[in-house]
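As written, the chains take the letters A, B, C, D and E, and residue 1 is the first residue of each chain.
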């Protein structure tokens, strides 16, 4: 029992990120409304960010900012185990920026499509297109 | 479609779960991900770059090249929205509000625009009088938000935050202005031209500093070669100064782009009326 | 074997290509344009002939342009066989150019500049194919030729030529991409080389079934040779103006097909391998079928050019047939038929064209009595027909004779019968035309009063008389070509 | 100067930013700035190529940090080739497309040139980088800029095509990012060479396998391998001329490059072919792609759309060759990156010229075009022949290697697919030629400005189009040299 | 030991994600989406990635939601799914 529990504790974060990603992907493929799709897309992207952040997490470590930076200045030794991984955070900053740029542009596209077709439902759009 | 989506999603999920099977435990300090590179960054960032915030050190220096393109991505986003939505055509009918009386004028011929001033004010189709409380609160808040944004930019290497976050906050403060008053107020104060120049110039500041390193004889982005340019600097790591420069660039660019995207979406590219 | 490195083969190929821009730029001045064609044609012939002595002396002239992969490069090698073909094509090009001036201007065809430009391109490709040192180069020029002739075939740009052009390309491109290309790459895959050599390039890598399939792919793949069932593009291509039919569909294009098959059989497989696996018989059967069927169909055609086309199909298979005999006599007979048939058939086409230009008659049934009004044309037609049938005093006799000797040498008496029957059929479908021309009654006197029909103009007459005379001369002096073949095939 | 590697990417980038800046100051300056940036990039690319041929792969440490810590550029022969290709095509296209940008996007040309240069920057960055995450960022730049440009094309369909592309592009890029994440989980590094060393000997690891599948899948989606191609035809058809001319030759090819880079440098042949035995399955998939692309192209009525399906078909060629698991196939795939880029470029240049004059390129609109636009059509014919694979155009030579590779592996189905697709292409193009050649169109074409007599495109467009078409033949002749000096040394 | 907090927040995150995708009012989606982003930001703070969390707070919960609302303002609020 405790094995199972420890396994769950050890891995649940990864499992839940997978579930979140599946939700996003499903929304992206199956939803009919374009805005919903865009939301799905963002959930999908955030799930990946969650994954990276989980990878970078360390037990018993603190945020990646040097404690007592102002007076220490390299005087005391820095223990790597004390701080969480800064690299994944860095990567994910970039990923967030990408996702917000994509999100903004996708929204702009949605507005544009609505201007042209007066609808955002995919089935109606398809109907409109086949009419023309 | 739903069924297809379900299958795809399940397959992907199964693949990802299968991949996690051999992962080290969550938060395991001895996982390879936390050992190979991250230790180097944690142990040497301060000496190498003078930034106690390791993330900023990695973002702006070790992987500064990524960040430059990250800024380019956001610039692209703004440019894309501009290209897609911006509509230069003049709108034919305008609504004006006669301020003293509150009478609404509908002018169909746009040849003779009324002068906006004490007497007449713009008004949108679904114009509501700005709420006094909201207006006042925002007017008081916005400068503080902006100062905070600048703090976030400038203090990026000591605390969480940096150019990007600061830029977003600054941008939001202006968006707040647009929401609490109306879009016209914002567009009047912050010209589109200024935004366009800021967006490009911000990224250019970043790329320019990086290219300057190249001109000074180093590799691209190698801030250490900038030392001769700041002779008065004695006790700061030169890399930290370089990082500050690029963070400011990022901040400017992001601020401008956020506004560009917002204005274009909310006014469908006509820059007249919005939320 | 001694080899000389020289740029001459390249020049010989390119000279007519380089003239194309000049042709286009002088498109408004027809006389200037045509004189350029002659200059290019003569330079080309001179270049080719200048290599003749060396080739006759048993040397080979080589030039490698681009090494693509080891063993497969863009390279030229002038040997006896290529020389023979090049001489025929280049000399007939000059003659045909003269003829096409008369023809095109006589009919006031449109797009003459386009016509002569692609003609020049086609002849470049033909010479290139003749001088190819390996299968890759041969394939290259083969394809260029296919494409360069497409605008010629469809010159009239009407619905009929569109359909014909479609059929033309379907057969030619379809087979070359679908069959030759994989076969060629397979050869390279197995042997690592594509250079022609008299011993063949295979050194025991192929089993018999593989060799059979490969050979069939090549024989059918080079559809320009008109082996049945890939022959029907040739009658379709007869919608083209007659100079095209004459030079390309009696000499250049079809002969490139046959020439390719000859090259593949002698240079890629090698006579020894084919003999070992006894593959000659198979090819002979295919060729015989084409010979007989072609002749039979020819008899049923009333349109003169179509009859000539079917005759060509059957005659081409003689060449394949001769090579497939795999004996010295057979090879000699087959290859020399390239020359003899070229001169004979081009004469016939010229005559058909001359008749068409002068009287606008296409059908044989309309031609009775014409011979009396166009004596030179019909005399030349007679000589050409003799050449194709293979009767003295024309060169055609020489090739048929050697072919029959070849069958005896290979002890294939049944196939000798094929040759004899076919010759009989040839006579049967050619000679009546001549007979009716000279002795038949003129039918349509009301529409075309006799005084209106007179001999064709000089631009048409000179070429056809010239080729007719040459085909007689060849009966007496075939030595130079025989020597070329002997040098080329080492027999 | 040691900074050429950085200049390749940075020059168009900075040029793009200046162009973007000048939009608001003097828009006319944007174009020359953008052009100059690409010219510098092309020049640097050639310099780098010379260096690489002379003295082997170049490493360039960005920000001066040694590789696993910082980002590095590692340029070997393959990179250098792709870089020159990208910079060259982009540069020529910018010259050729000036007029059509003026025509199609008249009121925001400056911004368009900015986006264009950023797009090229992205492609160049993707082809040069030696860092897995940097690759992702640059892929996103190319994606975002291409979304933006596609939406500018057809007023009605452009935005929809673009949004579809956004969704699928995000899925592709995210898969790739996830793959990189899994690799990072396993190795703790992001540098390609470093990762390659660290995953050596971990054949059985499920993490590495998942990472591999995710990366390759992501790249396949991005390159539009059948059946993940659905976004491509609409996206490329409805985009403006200037963009479809550059994206069609480059985008998919650069993605193929990324795939080869992942296969060769990161995961290694040994892992893919000897541990996973994926070769057969993928070659079958490629066969399907080739056939499906060809068949779908047959059904199209719009010339541009037809060409996009041919791209789908050509992707099958390259994927099949790369996964053949032998040197010949890989040679063919790499050679085809170069050749196909040039061929597609030539085709789209010609189509762009047609669009410039007649606006709509349904096949039936092309009547009598041989007479009216002889030079454009000449270029078109040459490019079409190259796609069909007629020697001496370059298309033939890469096909040669691909077929040879397939024969060595015994994958005769792939050989058959290649031959059949050649035939299909022949049918397709001659169908077009017939219409252009036989049907005499009315002397005046109707377009939105009323009847206009059609003449050939402006000289700047024709010259580039003709030049590129001729380069097909030249490349064909020098294929041997290219293979011997670039591809074989890279693969050895 | 952060994991109990972590798992609670994660559950909320997933709940918000599903809700954002399934409500039929797009304005509701916008707000739920903002909540989702904010919870996500909380989650990352728990894991110590403060910079990422900060960014997500300003971008995901802030600007993105504004864009979202702006887009809905220009399109339609109701949807079928």
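The criterion applied here is as follows: a residue touches a chain if its C-beta (ideal position, glycine included) is under 8 Å from a C-beta of that chain, and two chains touch if they have at least 3 such contacts.
Since this is a predicted model, take the numbers as computed values, not measurements.
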Of all other chains, the one whose Cα centre sits farthest from chain B: C
Most remote chain, CA-based centroid, reference being chain D: C
Centre-most chain [mean C-alpha coordinates]: D
Interface with more contacting C-beta pairs, comparing A-E to A-D: A-E
Computed distance of Cα centres, chain E from chain D, in Å: 37
Chain B and chain C: spacing of chain centres that average the CA atoms, whole Å: 74
Rounded Å distance, chain A centre to chain B centre (Cα mean): 18
Centroid spacing, where centroids are CA-atom means, of chain C and chain E in whole angstrom: 78
Shared-contact residues (touching 2 or more other chains) in chain D: 133, 137, 140, 144, 147-148, 151, 159, 178, 184-185, 190
Per-residue overlap in chain E, given as positions that touch at least 2 other chains: 50-51, 55, 59, 63, 67, 70-71, 74
Residues of chain A touching at least two other chains: 9, 12-13, 19, 25-26, 54-58, 61, 63-65, 84, 87-91, 93-94, 97-98, 100-102, 104-105, 107-112, 115
All pairs of touching chains, each written as two labels joined by a dash: A-B, A-D, A-E, B-D, B-E, C-D
Contacting residues of chain E [partner chain B, same complex]: 50-51, 53-55, 58-59, 62-63, 66-67, 69-71, 73-74
Complex contact set, residues of chain B against chain D: 15-16, 18-24, 31-38, 40-41, 61-66, 69-70, 72-73, 75-77, 79-80, 82-84, 86, 88, 193, 196-197, 199-201, 203-204, 207-208, 210-211, 214, 218-224
List of chain C residues in touch with chain D within their complex: 65-69, 73-74, 136, 139-140, 143-144, 147, 151, 154, 157-159, 161-162, 165-166, 169, 173-174, 177-178, 181-182, 185-186, 188-189
Interface residues, chain A side, partner chain B - complex: 9-15, 18-19, 21-22, 25-26, 29-30, 54-61, 63-66, 69, 73-74, 78, 80-91, 93-94, 97-98, 100-102, 104-105, 107-109, 111-112, 115
Residues of chain D that touch chain A when the two form their complex: 133, 137, 140, 144, 147-148, 151, 155-157, 159-160, 162-163, 166-167, 170-171, 174, 177-178, 181, 184-185, 190
